[in-house]
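Before anything else, here is the set of structures, which you'll find just below.
Here subunit A shows up in two complexes: once beside subunit B, once beside subunit C.
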Partner chain A sequence: MIVYQYVSEVFFFLLVVLTLFGGLLAVKARVLMHSVLGLAVTFLGVAGLYLYLGSIFLSMMQILIYLGAIGIVLVFGVMVGYTPRQVVEEKIRGENVLLAVPTCLAGFAMLWIAIGRTEWASAPERINDFALKSVGKALLYDFCLAFELISVLLLIAVVGAIIVVNSQED
Partner chain B sequence: MMTLLQQLPPECIRIVIAAAVVIGFVFANATVMGYLERKLAGRFQRRLGPMEVGFHGLLQMPVDGLKLIGKQLTEPNNVGGIVFYLSPLIAMTPVALPFLVIPFSPHLQVIDLDVGLLFIIAMISFNTIAVFLGGWSSNNNYSMLGAMRSVAQNISYEIPILLSVLSIVLITNSFSLKTIVLEQSRFWFVLVQPVAFLIFFIAGIAETNRAPFDLPEAESELTAGFHTEYSGIAFSMFMIAEYTYIFINCALATVLFFGGWHGIPLPFGEYSSCIWFLMKTYLLMFVIVWCRWTFPRVRFDQLMNFSWKYLIPFSMVNLLLTAIVVKL
Partner chain C sequence: MASNSLMAYLTVAAFLLIIGIYGIVQKRTFIGMLISAELILNGAGLNFMAFNRFLSPDPAVGQVITLIIMGIAAAEAAIGVSFILAVYKKFRTIDPTRLSSLKR
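Right after this comes the complex of A and B.
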């Protein structure tokens, strides 16, 4: 059993390193496509963390939606606008450091407070098995309103996209 | 060394063996499909196809593979460095993962995930990114056009695939591929869902960029589309990935619509179910090759209209009707 534990620990830290590396690449890369790829690596790392935590469904959704949809849209956007060797900016230099630093600190503080206040269930006393059925029940019974509101939001986005495209044609 | 091996849990050794078998199968499948495709293409066009190397050209594909491995990788000017070489790797790597959940026989399945169907569809979506990156980083207008066509095509045809698959999920109440096969012990789902099967099959051909929907690599317009600039092993990695995706697509069609491993008992003991599965899958692959060499390539606007104006509405109506019938 000990070998299993070591293997799973190693995989966990590999995934964390992968996620952080992707994030760093997304921020620091000088070619825009490398940033997008870094973001894709981060998405993959998060999907792997879901897998590590035992929720295959969430990890599949992460890959389908973030890599398969959002990643592709980002790649498409970059593809149309840039040639492969084009460097976006020689040196990434902050224009609004004074604004950026407090924003980052505020975001960090918000996350820190949220993490600190949540009561985390430890792994052995996890009640839910996160299987497909329980996710479906949670979405359609406990969080029905949020689920429906999200679909309304998506509908608005679709209608908005159609309006934007149509108005440019005239 | 021996003590270390004995300390390893049997799972680890099993993982290594399974990975080797899957990778071997991926290459063998590409070889067999490559040979069959060239031979069948010859037959459909009233010629012989490869005849020179080996008996009836049987050794043609291994020899071609060796040639491709030995070739130099050429790199055009101003390609996107890392991305250029990453793209065939991204195309090649995820193709092994769907084999985890495909039930070849009642006992030959690595894991029976309760979201097996979603797993395969999620893994297939990697291919689009690889095609994109390859087309963009080649610094070539033909590659770029091929990649742009590929995005539009893949996004449009993913919707009918998902919708047609959902009607099967409604009947079986499960995303697990094993459960879906077990539900078909009395009759195949192609009998109750013929429309869903047709939509799935057509959209599957489009999703794997095969003729008559091979717009991303249309030879007469775009030289070779997104892989114009790739040579040697990088090119063959794209081809192996393509053939494996065709296999996965046909295996999925077999599981969903043709009863998976079910069939008349054969005199091979417990291997007969696996043989039935492979026979059905390769029959479907034969149909795909047949379509490729029979139908002319469609125009791009026809391709888009076909998905958005015919396939998606039909699959939605089919899904609604299935839901009503199942609930009655």
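Right after this comes the complex of A and C.
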């Protein structure tokens, strides 16, 4: 039992390191394709964290939607839109980094202190479970309007994307 | 145990949010900004799932909200990439600071 817990903790830390490393690579990479690859690593790490948070379904959806759909769309955008000469980004100027890094570190410190000092009130009892059946019921009974609106939004997005790309033909 | 504490997940989510904001500020290409926006949305989803696991009385609600965030992120990526392709066809540049046809 103890060995099992240690192995689980080690895998958890590996997933956290994978997520953080992927995020850093996505932001700091000079080549755009490396940036997309870092984003894919982050998606995989977050999918593993969803497993630890008790939802196999969301983990599979993360891999399917984020890693499959959005990753492919971003790779497509990088490879179609840009000529190879322009793929490498220009170097950012020094004073901008000097301004951006301390600002972001200060923002992270503020968030972290706020997280640490808050006393989270947990729910007195669970009225439901993590099963896929209850997710489906919530999606089709309680959140039916949001579910339908998401499908309309996706339809509008796809049709709008086609129209926007096609309107530049002349 | 770190994998059973709310603090660890919230810290990872806050890191994703902050590094996404840093990327949006610092990137010099449109698609880099889009990648950073995806990082922010991922942090939001991780936050919802963490609260769902530890604090919520009904664990189905957070999963539904995270699914809706994924749908919005997919729509946003499709629209964003189509805009980037249209702008590239018209202006022949990937630098956001050079799109200044109204200024001249």
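One rule holds for everything that comes next: the second predicted complex is superposed on the first by the 119 of 170 C-alpha atoms of A that agree within 3 Å, B and C clash if a C-alpha of one lies under 4 Å from a C-alpha of the other, contacts with A are read in each partner's own complex, and residues count from 1 in each chain.
Operating definition for what follows: contacts are C-beta pairs under 8 Å (C-beta built on N, C-alpha and C of every residue); 3 or more make two chains touch, one makes a residue touch a chain.
A quick note: this is a predicted structure, and the numbers were derived from the prediction, not measured.
Asker: Once chain A of both complexes is superposed, is A:143 in touch with subunit B (first), subunit C (second), both, or neither?
Answerer: A:143 contacts subunit C only, not subunit B.
Asker: Have a look at where A:3 lands relative to subunit B and subunit C in the superposition and call it first, second, both or neither.
Answerer: first
Asker: Applying the touch criterion given at the start, work out whether A:67 contacts subunit B, subunit C, both or neither, answering first, second, both or neither.
Answerer: First partner only.
Asker: Which partner, subunit B or subunit C, is in contact with more residues of subunit A?
Answerer: Of subunit B and subunit C, more residues of subunit A lie in contact with C.
Asker: Does subunit B (first) or subunit C (second) touch A:57, or do both, or does neither?
Answerer: After superposition on chain A, A:57 lies in contact with both partners, subunit B and subunit C.
Asker: Is A:34 touching anything from subunit B or subunit C once the two structures are fitted on A? First, second, both or neither.
Answerer: In the superposition, A:34 touches subunit B alone.
Asker: Pick one for A:153: touches subunit B only (first), subunit C only (second), both, or neither.
Answerer: second
Asker: Could you list which residues of subunit A make contact with subunit B in one structure and with subunit C in the other?
Answerer: After superposing on chain A, subunit A residues 57, 61, 76, 78, 80 contact both subunit B and subunit C.
Asker: Taking the complex as given, what residues does subunit B use to touch subunit A?
Answerer: 7-9, 11-12, 78-84, 86, 113-115, 118-119, 121-123, 125-126, 128-129, 132-133, 135-139, 144, 147-148, 151, 155, 158, 175
Asker: Which residues of subunit A touch subunit B once you look at their complex with the stated criterion?
Answerer: Its residues touching subunit B are 3-4, 7, 31, 33-34, 37, 40, 56-57, 60-61, 63-64, 67-68, 71-72, 75-76, 78-80, 83-85, 131-132.
Asker: Note which residues of subunit C are touching subunit A in the complex, please.
Answerer: 1-3, 6-12, 14-23, 25-29, 31-32, 34-36, 38-39, 42, 45-46, 49-50, 52-61, 63-64, 66-68, 70-86, 88-90, 94-95
Asker: Mind listing the subunit A positions that touch subunit C in their complex?
Answerer: Subunit A reaches subunit C through residues 5, 8-9, 12-13, 16, 19-20, 23-24, 26-27, 32, 35-36, 39, 42-43, 46, 49-50, 52-55, 57-58, 61-62, 65-66, 69-70, 73-74, 76-78, 80-82, 86, 89-90, 92, 96-97, 100-101, 104, 107-108, 111-112, 115-116, 120-130, 134-135, 137-139, 142-143, 146, 150, 153-154, 156-158, 160-162, 164-165, 167-168.
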